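In the two complexes that follow, chain A is the common piece, with chain B as its partner first and chain C second.
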Partner chain A sequence: MIQELVFLVISLFVIAGAAGVVFAQRLFHAVLSLALCLLSVAAVYITLGAEFLAVIQVLVYAGGVVVLFLFAVMLTRSDLQLRREPLESFAPVSAVLFGVLVLFYIARTGFVPQGERALAPGDVASVGQVIFSPKAYALPFELVGILLLAAMVGAIYLARRDERW
Partner chain B sequence: MSELVWSILKALVGVVAVILFLSLNVLFLTWMERKVIARIHVRYGPNRAGPFGLLQPIADMLKLLTKEDIVPEKADRIVFNLAPIMAFLFALLPAAAIGIGSGLIAADLPAGVLYIAAVASLSTIAVLMAAWGSNNKYSLLGGMRTAAQSLSYEIPLVLSMLGVVAIVGSLSTQDIVEAQSSAWFGIIPKWFIFYQPIAFIVFLSAVVAEMGRIPFDLPESESELVAGFHTEYSGMKFAMFMFAEYIHFVVGSALLVTLFLGGWHLPVVTPLAESLGVLKYVVQVAVFVAKMYAVIFLLMWVRGTLTRTKVNDMLGFGWKGLLPLALFNVVLTGVVLTLRGGA
Partner chain C sequence: MLAELLPEILLIGAALLLVLLQGFCGRDACAKLSGYISLAACGGALLLVSLHSGAGVERVLIPEIIKLDAFSLFFKLLFLTLSFLVILGSLDAVKRYRMGGEYYTMLLFTTFGMLIASMAVDLAVLYIAVELATISTFALAAFRKDRQGAEAGVKYFVIGALSSALVLFGISLLYGIAGSTSLTAIAEALGSSSGPVASLAVVFLIAGFGYKIAAVPFHMWAPDTYQGAPSTVTAFLAGATKKMAFLALMRIFIVALPGLVESWAMLFAVLAVLTMTVGNLVALVQSNIKRMLAYSSVAQAGYVLVAFAVLSSKADLTLAAGAALLHMFVHAIMKGGAFLAVAAAGSAIAGRDISDFAGLGRRMPVTAFTLSIFLLSLAGIPFFAGFVSKFLILMASVSAGGAYIALGVLLVINSVISLYYYAKVIRVMYFEGGEVHRAEEPVMLVAALVVSAIIVLYVGIFPESAIQLAKSSAASLFTP
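So, the complex of A and B:
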């Protein structure tokens, strides 16, 4: 009962944040709404007992990604008097299609718990065991690392304009 | 049901205790900082309000409370007004996972150190909100410097904690302090500053940068940027930013004591205090606070001695100096621990 209540309140914050991202008139407000949304999702993780995931969510998304977004907005000063442009003709269609798709999958789940959790959540040691053991996710983890490295090299290549450095 | 009420009550007590502890220390710190810096400058510092000027913080508070609250005409009002509240709130969060005595902790989280690193990174958002909301070029410049600085120094900060965490095998701050309880020959403490000297230096530099203090106070360097991100703030809102800044100071020093200086443990003293019953908590808190103020004094000394780094040096020092050093320390710790067959 209390768990459902807490979940509902947090969900309201998640939805309010998400709506703010879409409907905010100014880019800066949209990014701040995104921060609210991401932090509320972290709160959802805590209610599910996944403390480690929640902390990582705050560290990476709220502390890293949002700060980078705000930084970019400030650097470009792109939204001082930004007004929302009239909707493109395809935008409502794709929004409705996506909404139907999401509702379809939500209706299919029927809000039944999906069985026992695979690993003890919130436990850093067991998360580490799963990620780094060769039988589980070691290979995908390393591949993601290489992918990120490639992206980083690409970004640096694009950012440098001349050959001097 | 009564269990729920009990846990809510416990959480409330923790919150009140954390805020009380921080507020008292912040009030004292504002006086101490002015006094210490004054003595380094060969001045007297505040000496009118009360004995040794000890009532100066209260006079300052009354002054700030009664000042006019100004909101610039072109400011983004919501963001401008929300920023000081957010700064204050985000500054309080990390303190919850730092204990000042055995069991004297608001929330002993299993992922404690990681939690502190995560919520500490949030305060950048508040600074950016202030910088943007003020709609002032000095604020904006200060905000951008803050973002660049805190993003760059966060990485060596977290990496330097990793060595300690690897030795202890736990992220809980209570476990980390307990791991430093013993001593060689009963007098030389087994603190992690001796096991992890490189990490200590990296952590000290990075945490000063995260606090935004000299030599890394570029976000508000008053000679170039008026006051950086809080240029447009006055009265109580300005006070909240100052409060948040001093909370960072207290929390950063407390974290340093927890990770590297043995927390509330002191050879000879704490083992003796074990037999004192409830009084042992008094001894523990006293030891912890004494160490914390030693670190705080060191950082004030640094402020009185060093000059501000240049903007271009600041990022270079973080990325080319501290980061490789921190990475080297992680590798070194890993190799040594593996050779010794685990922690």
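So, the complex of A and C:
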């Protein structure tokens, strides 16, 4: 009971943060809402017993990504007001309908997600085992490294001014 | 295991070498050197794969993670052939537009990602490999940093990110059901039951990959991106990366979700009808040749989806899947070739409107002739490769009987419609335009065009071996 209550409160924060990103008038506020959303997701991870993931979430997203966003916003045009197109009337309606449909589907079946294995709280060693064992996720892990390199090369190319060669 | 992965190692090694190389030489020299290195790497990988493919091997490289079977070899052959042709053609285009060596780096990264995706039998690996290939193409689409290029890149990026999110949502639902990302484990966990959550996953996966293959309700990005990207990149996008999404669909749905075949095949049937019809009808009114080819690409994806829909029938499934495979291969070559021909024409013609191509038959005879071959093949004229693969899809749908025949009939009607806009280009090239001077044709692009045209004609005139290869590759998908 108390668990569900905590989860509900945290979920409200997640949703409020996500809504803030979409509806904020100023870019700065949108970024702060994003931080709220990401931190609340970290809280969800803690309630699920995935402390390690929660720490990573705070370090990488709230710590790294959001701070980077804030720097970018403040260094460029902090006074930037977002011009919003008036929402097409059917867009929110279809979004809500789809959400209700998904909820209905999942509630009706009593869907219990299966996890691969339950980790003991703070069990970083077994996370490492899964990521670095060649029989498990070592290959995808290495692939992610190449993916990041490719993204970096592409981003540098696009951001570079050509004349400076 | 390393011996089987040699093509991938060659490609990624060359890509990393190119990344380092950019720091050590001047721009134009670097671009030239990078081009030759990547051409050599791609050629070497192609040779290695084609040596493998005859043996009919099935090797499990890492259990439940990657597997080398006839199906993945077929796609490796497709991807590497197209990458090789595009790199060959790009040697001219890169010089003309003074594009840097990063161009080839991104092409190699994409090809590497596609090769890994062809072997993946685990959703995590498949997703990351697909992402690797897609992210590299974002930069390629915006490679000419002008207004149109930026539009192409931004549209492609936003839609790509959205579709990846949808795919990931679908994958997470499947993981929630099975507790594993392995395709065979998901198939076991699902059995023949079709729970609501599984059907929700199917919807998410089809919507996500639907964007990537530009099936009709999800196609609006394709014409803008194909138009704004450099023509050589468009050849690569339409020819190779789109096929990677088809590959992922086939792997996931046939291996992991055979229990839900009724529901997904019906969705594919609906998509096929929409995609064929809308693609062809909108292509009729296009005046820009790249947009016209983009819509024709949408329509051709619809033909492949017809074969997907037939998979729910009781008929010969390897015939349907093989027909889909063959059409993907043939389409990659002929559509890639057509866009490369547009790139070649770009050396003498500024505009990209169909009317700008007037007199191309006398101005650039080889380019115009090969482009005509690709267009006739796209229309499905006998003795061209496009006829063989379309006929195979038709055969699969007719042999399945019932409502599937209607899909086949619609395919034929659509082919007839499409003939009009393909033939229009040929007419403009040969029968319009006054006195024109011969223009010099870019050598490397012409070489790529001639090779593609030879493949199209060879498969069209001697189809037996290609059909056999496609069917045996498809068969390996059904044997666990």
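FYI, the second predicted complex is superposed on the first by the 122 of 165 C-alpha atoms of A that agree within 3 Å, B and C clash if a C-alpha of one lies under 4 Å from a C-alpha of the other, contacts with A are read in each partner's own complex, and residues count from 1 in each chain.
Just so it is clear, a residue touches a chain if its C-beta (ideal position, glycine included) is under 8 Å from a C-beta of that chain, and two chains touch if they have at least 3 such contacts.
Being a predicted model, the structure only gives us computed values, none of them experimental.
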Regarding the shared-chain residue A:35, is it in contact with chain B (first), chain C (second), both, or neither?
first
Scan A:151 for contacts with chain B and chain C and give back first, second, both or neither.
second
Scan A:51 for contacts with chain B and chain C and give back first, second, both or neither.
first
Tell me which partner A:140 touches in the superposition: chain B (first), chain C (second), both or neither.
second
Contacts for A:123 in the overlay, against chain B (first) and chain C (second): which applies, first, second, both or neither?
first
Identify the partner contact of A:59: answer first if only chain B is touched, second if only chain C is, both if each is, neither if none is.
first
Mind working out whether A:68 is in touch with chain B, chain C, both or neither, as first, second, both or neither?
first
Across the two complexes, find the residues of chain A that touch chain B and also touch chain C.
none
Which residues of chain C touch chain A once you look at their complex with the stated criterion?
12, 19, 27, 62-63, 65-66, 100, 102, 105-106, 109, 112-113, 116, 122, 124-125, 128-129, 131-132, 135-136, 138-140, 142-143, 145, 153, 175-180, 189, 195-197, 199-200
Tell me, which parts of chain A touch chain B in their complex?
2, 26, 28-29, 32, 35, 51-52, 55-56, 58-59, 62-64, 66-68, 70-71, 73-75, 122-124
Sort out for me which residues of chain B touch chain A in the complex.
4, 76, 78-79, 109-111, 114-115, 117-119, 121-122, 124-125, 128-129, 131-132, 140, 143-144, 147-148, 150-151, 154, 171
Chain C partner contacts - residues on chain A that touch it in the complex:
102, 105-106, 108-109, 111, 113-116, 134-135, 137, 139-140, 143-144, 146-147, 149-151, 153-155, 157-158, 162, 165
